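Please see the structure below; I have some questions.
Chain nomenclature is as follows: A, B, C, D, E and F, assigned in order of appearance, with residue numbering initiated at 1 for each chain independently.
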Amino acid sequence: MPYVKIQVTREGTAPGATQTTAEQKAKLIKGVSDLLLDVLAKPQSATFVVIEEVEMDSWGVGGLPVEEFRKQQIAKG
Amino acid sequence: MPYVKIQVTREGTAPGATQTTAEQKAKLIKGVSDLLLDVLAKPQSATFVVIEEVEMDSWGVGGLPVEEFRKQQIAKG
Amino acid sequence: MPYVKIQVTREGTAPGATQTTAEQKAKLIKGVSDLLLDVLAKPQSATFVVIEEVEMDSWGVGGLPVEEFRKQQIAKG
Amino acid sequence: MPYVKIQVTREGTAPGATQTTAEQKAKLIKGVSDLLLDVLAKPQSATFVVIEEVEMDSWGVGGLPVEEFRKQQIAKG
Amino acid sequence: MPYVKIQVTREGTAPGATQTTAEQKAKLIKGVSDLLLDVLAKPQSATFVVIEEVEMDSWGVGGLPVEEFRKQQIAKG
Amino acid sequence: MPYVKIQVTREGTAPGATQTTAEQKAKLIKGVSDLLLDVLAKPQSATFVVIEEVEMDSWGVGGLPVEEFRKQQIAKG
């Protein structure tokens, strides 16, 4: 009876995309369900996967919104 | 001091609706608050209920996005 | 495909109990599953309910751990 | 390795705003990261902060959607 | 900046185990981190994975605690 | 109506402690409640703070359980 929540920033990683695409989501769902079957023998019909996208300015790391954090990391070299 | 999170797929179940309606949400809030009062004697003013709707293609079950999973189930009979 | 998380403080509300009892948990599970069937027509087999108990000193309200908050409320009358 | 989720109703508290502003979010991110550094000595680069805004009619308290609850509280005086 | 929460019932699936083993947890952590790198190009150092085990009587499905649900399913054939 | 969840690894950071102490938890609760009052003008009585401690081997980063990740980081210099 697993429940898996995947939380990511809303941003495009596929060409031309501005958010996670339906195809990428389907791959995440399949990948996580396969993993729980392989490692814990959980039947796939009993695994829920929920993908949550979070606005960029709502995700913080290093005390900063993530975009500013990345700029700072790049500036540091 | 209960906190209850209800996560559902964003889809209409009331006539003409494409998502959970405000009336349905109010019924869920009341129902859950009543339940916690009845079973655990929690005062309703101390119960938070949060309803989160999740895009259909962001919810997976059976290793598939939920819409494909349902089609597959129907095809199986 | 609902997923419901119920978070409560770990404390006894049934006579002699120091935490939520298995019987109370079963009532919460049944109550929430009935509610989602009634309000959103969700089949019960597709509803997951997870109950999480949180240590008293790990739950805060009013800027205080919940036990201190309750004492303060009582003192206020 | 802390992960902090801040869930608030989507409503404006800054002048003219209808939701939490980017500036307010940045203050929340900084404040929480400072707090975890001060209290638990967690390096800020290891702290994730996620802010989730919840529609007003999806948040319940006192058995009611939050807007109705507030009206009721005001009516009570 | 992904955050992944894996919630499972606390029960043994490895021989002699009564809960998820450290080795199984390590496989879940590696598998999820690999998946997010493959599908979304997320660097592994930016992926947090949290595994939460839930007591059997705190997990409900089909309106019942999961153990009773499984017995019922077996009885049905 | 904020709800804040703080998730940290279960480990001692105060002298002699093997987990977050009650005093540290009280400081986290006060700090977060103050922050939400300052930034969003949320009354403290309407703010819930929940602190969740996660076993060290249940928290992953960099594709590894956190303890192994830290050893690897130290080894890298």
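The rule we apply is simple: contacts are C-beta pairs under 8 Å (C-beta built on N, C-alpha and C of every residue); 3 or more make two chains touch, one makes a residue touch a chain.
Chains and their UniProt names: A, B, C, D, E, F = Tautomerase.
What you see is a predicted model; the values in this text were computed from it and never measured.
Separation of chain A from chain D in touch steps, taking the shortest path, is 1.
Shared contacts of chain D and chain F, meaning chains that touch the two of them, come down to B, E. Taking the options B-D, D-F or B-F in turn, the interface that duplicates A-D in more than half of its contact pairs by residue number is B-D. Taking each chain's centre as the average of its CA atoms, chain E and chain F sit 22 Å apart. Averaged C-alpha coordinates give centres for chain D and chain E that are 29 Å from one another.
Listed for chain A are residues 1, 3, 7, 28, 32, 48, 50, 59, 61, each touching two or more other chains. The touch graph of these protein chains has some other shape, matching none of line, ring, star or complete. Contacting chain pairs in the structure are A-B, A-C, A-D, A-E, B-C, B-D, B-F, C-E, C-F, D-E, D-F, E-F.
Of all the residues in chain B, the ones that touch chain F in their complex are 1, 3, 48, 50.
Note for the complex: chain F touches chain E at residues 7, 54, 57-65, 68. Those residues of chain C that touch chain E in the shared complex are 22, 25-26, 28-30, 32-34, 44-45, 47-53.
Against chain F, the residues of chain D that register as touching in their complex are 1-9, 13, 20, 24, 27-28, 31-32, 35-36, 38-42, 46, 59, 61, 66.
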